[in-house]
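Heads up, there are several structures right after this.
Note that chain A is present in both complexes that follow, paired respectively with chain B and with chain C.
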Partner chain A sequence: MFFDIGLDLFPLLAAVFAAVSCALLGNFLVLRRLSLMGDAISHSVLPGLVIAFLITSTRSPIAMFAGAAIAGVATVVLVEFVKRFGRVESGAAMGVVFSILFALGVLLIEQAAARHVDLDADCVLHGQLETLVWYSAPDSFGGLFTLQTLQQTPRQVKTLAITLILAIGFVTLLFKELRLAAFDSALATTLGFNATFLHYLLMIFVATATVASFEAVGSILVIAMLICPAAVARLFTDRLGSQIICSVIVALICSIGGYFSATILPSAFGIDAVNAAGAMAMMGGIVLAIAVFVSPSHGVISRVIRRRRLSGRVALDDLLAAIFRATEKGQLQPTRTELQIGFAHANLHRTIQRANHLQLVEPIGTQQVRLTESGMQAASEVVRRHRLWEHYLVEKVGLAPDHVHETAELLEHLPPRPPQGPESDPHGKVIPKGFS
Partner chain B sequence: MIPQSPSKSSLPNTLEHRPEHSSQSPLSVHAMTVAYHKKPVLWDVDYDATPNKLIAIVGPNGAGKSTFIKSCLGLVPKAAGLVEFWGMPYRRARSRIGYVPQRESVDWDFPVSALDVVAMGRYRHIGWCRPVSRKHKQVALECLDLVGMKPFASRQISQLSGGQQQRVFLARALAQQADLYFMDEPFAGVDAATERAIIEVLRRLKGEGKTVIVVHHDLQSVPEYFDEVILLNMRVVAAGPVREVFTKENLHKTYGGRLTLLSEAAEAVARNEIGV
Partner chain C sequence: MTPGTGPSSIQDVTDEWPAIAEIIETITLRAGHNTNMVIAGTTLLGLAAGLIGVFALLRNRSLMTDALSHATLPGITLAFLILGAKSLPVLLLGATITGVLGVLCIQLLLRHTRLREDASIGIVLSVFFGAGIVGLSYIQVNAPSGSGGLNHFIYGQAATMQPRDVVLMGAIALAAMIATIFLLKEFTIVCFNDAFARVDGWPVGLIDLLMMALVVVVTVAGLQAVGLILVVSLLIIPPVAARFWTDRLPRLVIIAALIGACSGYTGSVVSALFPRKPAGAVIVLTAGVFFAISMFFAPRRGVIAITIRRQKLRMKIAGDHLLEFAHDLGETMISRDQYLGFAKLHAWSKTYTAMVGFSLARDGMIERVNQGGITLTDAGVRRGNRVSRNHALWEQYLVSYADIAPSHVDWSVDLVEHVLSEDLVLELESALRKRGVVIPEHTIVGGR
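This part shows the complex of A and B:
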């Protein structure tokens, strides 16, 4: 079956809640160039959990959260401390702090394990989504809407649901303040929105989301979801609001897509299911890789398209100008061979075809071409720009007249317009009148 | 351990009893010392700003000009001293004080529009947890218009030129609707059009009865743009009306130390040249 409520519902919910919570908070980490801080906190939360456990001897959520939140804030304070007194940049400071704290956590876990305590370093890495099986699940979705469902929801899923609500509330209510503090912390502080306070508040929320996600999805997914969705969203948006929404969508794609590609895809090929949290984090990487190619403003593909469009326009401009110049010399219908001389672009014939299609040029027989009326206008506009630029470069910039052709050849295709000038260019050629 | 000096604990934490400082002054600084890593940057600074003036802070690099502004605003901790605004501590005067940081201090790739940035100047008026309402956006738009940037309101800030970014910062300061402004090098690296726009805004603010304190680099334009000047080099060398204070002698005192050192260095280079 495609979706088994008993097997899939709770793991999927846990993954979605964790991914979306992390993505929401991750936006502000990425913007503050603190991406590594998520990494640092999710590692150093481990000793916090173990110490809280060793002190209280329970795994109650409150003790765990207190431990995690304290560890999270301690990480931030320690990073600041190392940065200031160790005289290193923040990346190095974070790296030092979290690796040492994580090591401390591992040592403490071993100590606890010696006392027959149920804490497992493995599940900290990739979580235990698979254990969230619901044995008495109803057969259909209709049977879900009962009180029983709520009672039987595993603690991890409930915790993650609360975390998600908290994260949504935090980001919505303090959107304006978080944006200000991330953009200009000095101004935020002078306006009475203490940037340091907001920074620590954000870190507490990151620590909370991290610890809530731990048991279910593990720290790999937490780190990936803190950074990947926001990084992808940055490529597609240029406003913080839309960036946050976009990051949530990416988190949904990663968690749902990752879950099914970990459970259903392998079984379709007859192989064992893989770790779902790992697959989701992988999905984040794949989405980011795709985004790098297809992003409309920064993507590789759109850049190629923009460049091709520009070179097409330049070729067209150059063709029109070449015919215009031939016309000036009395050659009203230059041949293709004549035009080929000095035409710097790869394909003269295709450019003529395009010009013909745009009704700027009409072929006479197979060899000759002539400008149409609108082609004449467009062509004289290009030549006008070229010669006005030449005039400007000689008169205002002070270049020698024999130095300006190449530069004008480039500038004539670009948006800035040359200023008005006299009736002839530095080489004595007539500057055509403008039509606009 | 250094014993705590008895005078320190008995120092009043207001300037009320100090006749040399007036509660009319938008900014009174008393015996302010600021240090970075225990090395003093500002040394026992005393200053009172005259209301409704355009005031330039000039001094050589490393003289503590930005630090002066930042420690007045509580962004950099003071080692000693008191700062009051209209006789009040910063906490209570906050909404009457505007600040334009250096342009390089923020990330201009940040995903916000020019209007978003200007609207940030309204946040104090809006308060915690409330969204930016239409009314405040309208004020922000008017402020953008005042610096000639209205057509760029919806541009992402990375698509603006340096001068345009500086004007956005200025519009944001206007949106704060403060009575006292601190501006950290607003003229640094801007084009002529922006420089004129900034000066226009400064004069407009003065016309509205406000006081503006500007960190400034170009000594030549000080008499043209400003009413008063603070000559700063780790201490206040001189402060007051440009006509009285902005003298060759005072400038030499402010920049002199460095220049002597520089000429010594130049001589050393020259000596080496001979040695070669």
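This part shows the complex of A and C:
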């Protein structure tokens, strides 16, 4: 049995709701380089929670949210205060504020524990996902669609569902404003949106999502889901809209995948289930590690491939240009040794092979090479670009003629087809005609 | 539930105070060998953390150490799983390995992806810690023998530490401290100008690595006493607090070390005396008290000092403007209507207007006459003259030297005219004279 409704449904729902609401908000934290503010808030809502609890003596969600929101805003204000007056960088300011507040929370929890109050410091860290068991669950999925299901849904799941709806509403309704504030808060302010107000509103939402997730999944998962999905999405796309969608997908993968790898995978090996919240955070790390390598636009692998392609193209251009210059001097079939001098690359042999394969160059014997018809065309394009750039750098930029070769050597590989230009370059060499 | 009687109200949660004699015994290190060891160990730890924390702060690595301390948890659980028993040196070795691995991951993410430092730190912190929690839950269920103490690494448990564990912690802290003291010069030069250090032939990479290694060592040493969530604050809070008191590095290091040591001492003493005061939290809160005191009451950089200074300057500038206004009118007496009109022009509130008047009167610049008007004293006339002259001088300078259009200078001059020193005024005069600019002369040239 892969999915037991009674055992798995509510924990899974709680995890998914928490992960998706955190991921939605996390997008803006990562963009504004405030990821660690999420970390700081998730630590410092602890005293807010405990104080709210000690004052009201209830675990009513409203009191908890009020406490958390106040603690969240207080963290942001205090960090700003310490940063301004302490003249320290924001990381240190956050470290000071959240560790003091967290220590206060730990102390208060210990005090409360003295009175047999059910607040557990450990559960703050990794939640109580496993305790959301549904004892009178129906046997099949068909039995789920009754009013009874709604009545028997645990409080944590309901709270998280409301949080998710709030987060979705916040992000969709204020999408335009959030985007503006994330990329250009000064412009937002001049256009009449209060960027500071929006900033605090975002922080309040982060604090709310944090506290809603606390009981069920713990603060580890909150931090992981605030940052990881958005970071993965940043690696795949440059558009904010698709980044948000992508982050939601990653959050789903992490929560569902993490949950099953914590509960079902271990039981397949005959060992007991491990902590699900921790496994989800790990899943976030795994997804990120994969994304770092395979992302088509920003991944390591694709970047290596792009770089090798570029250096291959540059080497080919350089080879053709070198043979062309030898040809100009009347050396129609330069030897490899001669080319090696003007040719900085160690991979001369490989480049010649590739040029031969592309039918741009043909070997004469073992030592000499010659340009083919199409090779001649390609080579003269490169040399033409080089010399036109030299002309431009001397005439328009005003560099001395003996200073322009290196720059032109780099610029000659740029793709655009140069315009019509003069007949000769600053050194008096003929600029080859373009083939068009 | 009425406050004071309910089981969960704040008022009710008080501890029995221990006897005075017991307090004195603990404070003066006569409460038994074990307690003394713990107190000495945490004090040393605080001292070492304060020392090395200064350099972590100067290198902007405060939160990197946070990720480091969270990343030690999977190492602890792995070491326990592999060895199957609790042996502190092995657990700390495991902690060091994954901690360093975490820091390396941050560096790799920074170098090879487009993710920024904040996101990289957050990712490593949460993912590694999540892995540690998974490991802990696995150990609790599947390998229950002797695993009880592993939880203590999260929140710390100084009071129940074994004597030899305390000795290990104290020894590591002492070694880190001595190493830091010997390497002070090298660390200083790398922190303040690493490019210069490199040109000067210092092995900057190696020194930087050593600095990071000492941070790792202190973090790992503090794990058991303070807990991995709060150990980082021992590295961050004392240096930030010390920063309020001085701008000199040697003093900064000493003050930070003292604050760290005091926090460590107080924390362990309090947790030895009271049953439900975890040492880690008390240590951090003590450091927090030092921080709050420093932030508000430090003589030059404290919030109060800065506020007073700013207020004084604002008063001086506002007074200067009023005196200049009188001077430009050519009057030594300003009627109530003129005064209020001037206040309105500058958008001063009623209180502020009254405060400006009061501060000027206190300095002997003005005297009050009937119906709310004021009259300038000789000193006030001289001051108004000088401000007005400075204004004109600077205006001329901007127009003739800085090539600013005459219609654009007035606003910036209003800001600068109050801070021109006597030397600068003389210099301006001679510079402008050389250019053949007509220097504004005033009827009374005094005040210097």
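Observations
Note that the second predicted complex is superposed on the first by the 308 of 436 C-alpha atoms of A that agree within 3 Å, B and C clash if a C-alpha of one lies under 4 Å from a C-alpha of the other, contacts with A are read in each partner's own complex, and residues count from 1 in each chain.
In this section, a residue touches a chain if its C-beta (ideal position, glycine included) is under 8 Å from a C-beta of that chain, and two chains touch if they have at least 3 such contacts.
Everything quoted here is computed from the prediction, not taken from an experiment.
In the three-chain model built by superposing on chain A, chain B clashes with chain C. Using the contact criterion defined above for the overlaid structures, shared-chain residue A:243 touches chain B, although it does not reach chain C. In the superposed model, A:427 makes contact with neither chain B nor chain C. In the superposition on chain A, A:308 contacts neither chain B nor chain C.
By the document's definition of touching, of the two partners only chain C reaches A:281; chain B does not. When both complexes are overlaid on chain A, the residue A:192 reaches chain B alone and has no touch with chain C. Which of chain B and chain C touches more residues of chain A is settled by the count: it is C.
Looking at the shared chain after the overlay, A:234 reaches both chain B and chain C. Once the two complexes are laid over each other on the shared chain, residue contacts for A:174 go to chain B alone; chain C is not touched.
By the touch criterion defined above, A:298 lies against chain C but remains apart from chain B after alignment on the C-alpha atoms of chain A. Chain B is struck by only one stretch of chain C after the chain A overlay, and of the options 150-158, 294-302 or 348-356 that stretch is 348-356.
Taken together, the two structures place residues 33, 234 of chain A in contact with chain B in one case and with chain C in the other. Note for the complex: chain C touches chain A at residues 1, 6-10, 12-13, 15, 57, 60, 62-63, 66, 109, 112-116, 118-119, 121-123, 125-134, 136-138, 141-142, 151, 154-155, 229-230, 232-233, 236-237, 239-240, 243-244, 275-278, 280-285, 287-288, 291, 295, 301-303, 306. Listing the residues of chain B that touch chain A in their complex gives 70, 73-75, 94-95, 97, 99, 101, 105-107, 110-113, 116-117, 120, 123-124, 126, 128-132, 156, 158, 172, 176.
On the chain A side of its complex with chain C, the touching residues are 30, 33-36, 38-39, 43, 51, 53-55, 57, 82, 85-89, 91-96, 99-100, 102-104, 106-107, 110-117, 121-122, 125-126, 218, 220-221, 223-224, 226-228, 230-231, 234-235, 262, 271-275, 277-282, 284-285, 288, 292, 298, 300.
Within the complex formed with chain B, the residues of chain A that make contact are 31, 33, 173-177, 179-180, 182-184, 186-187, 189-193, 234, 237-240, 243.
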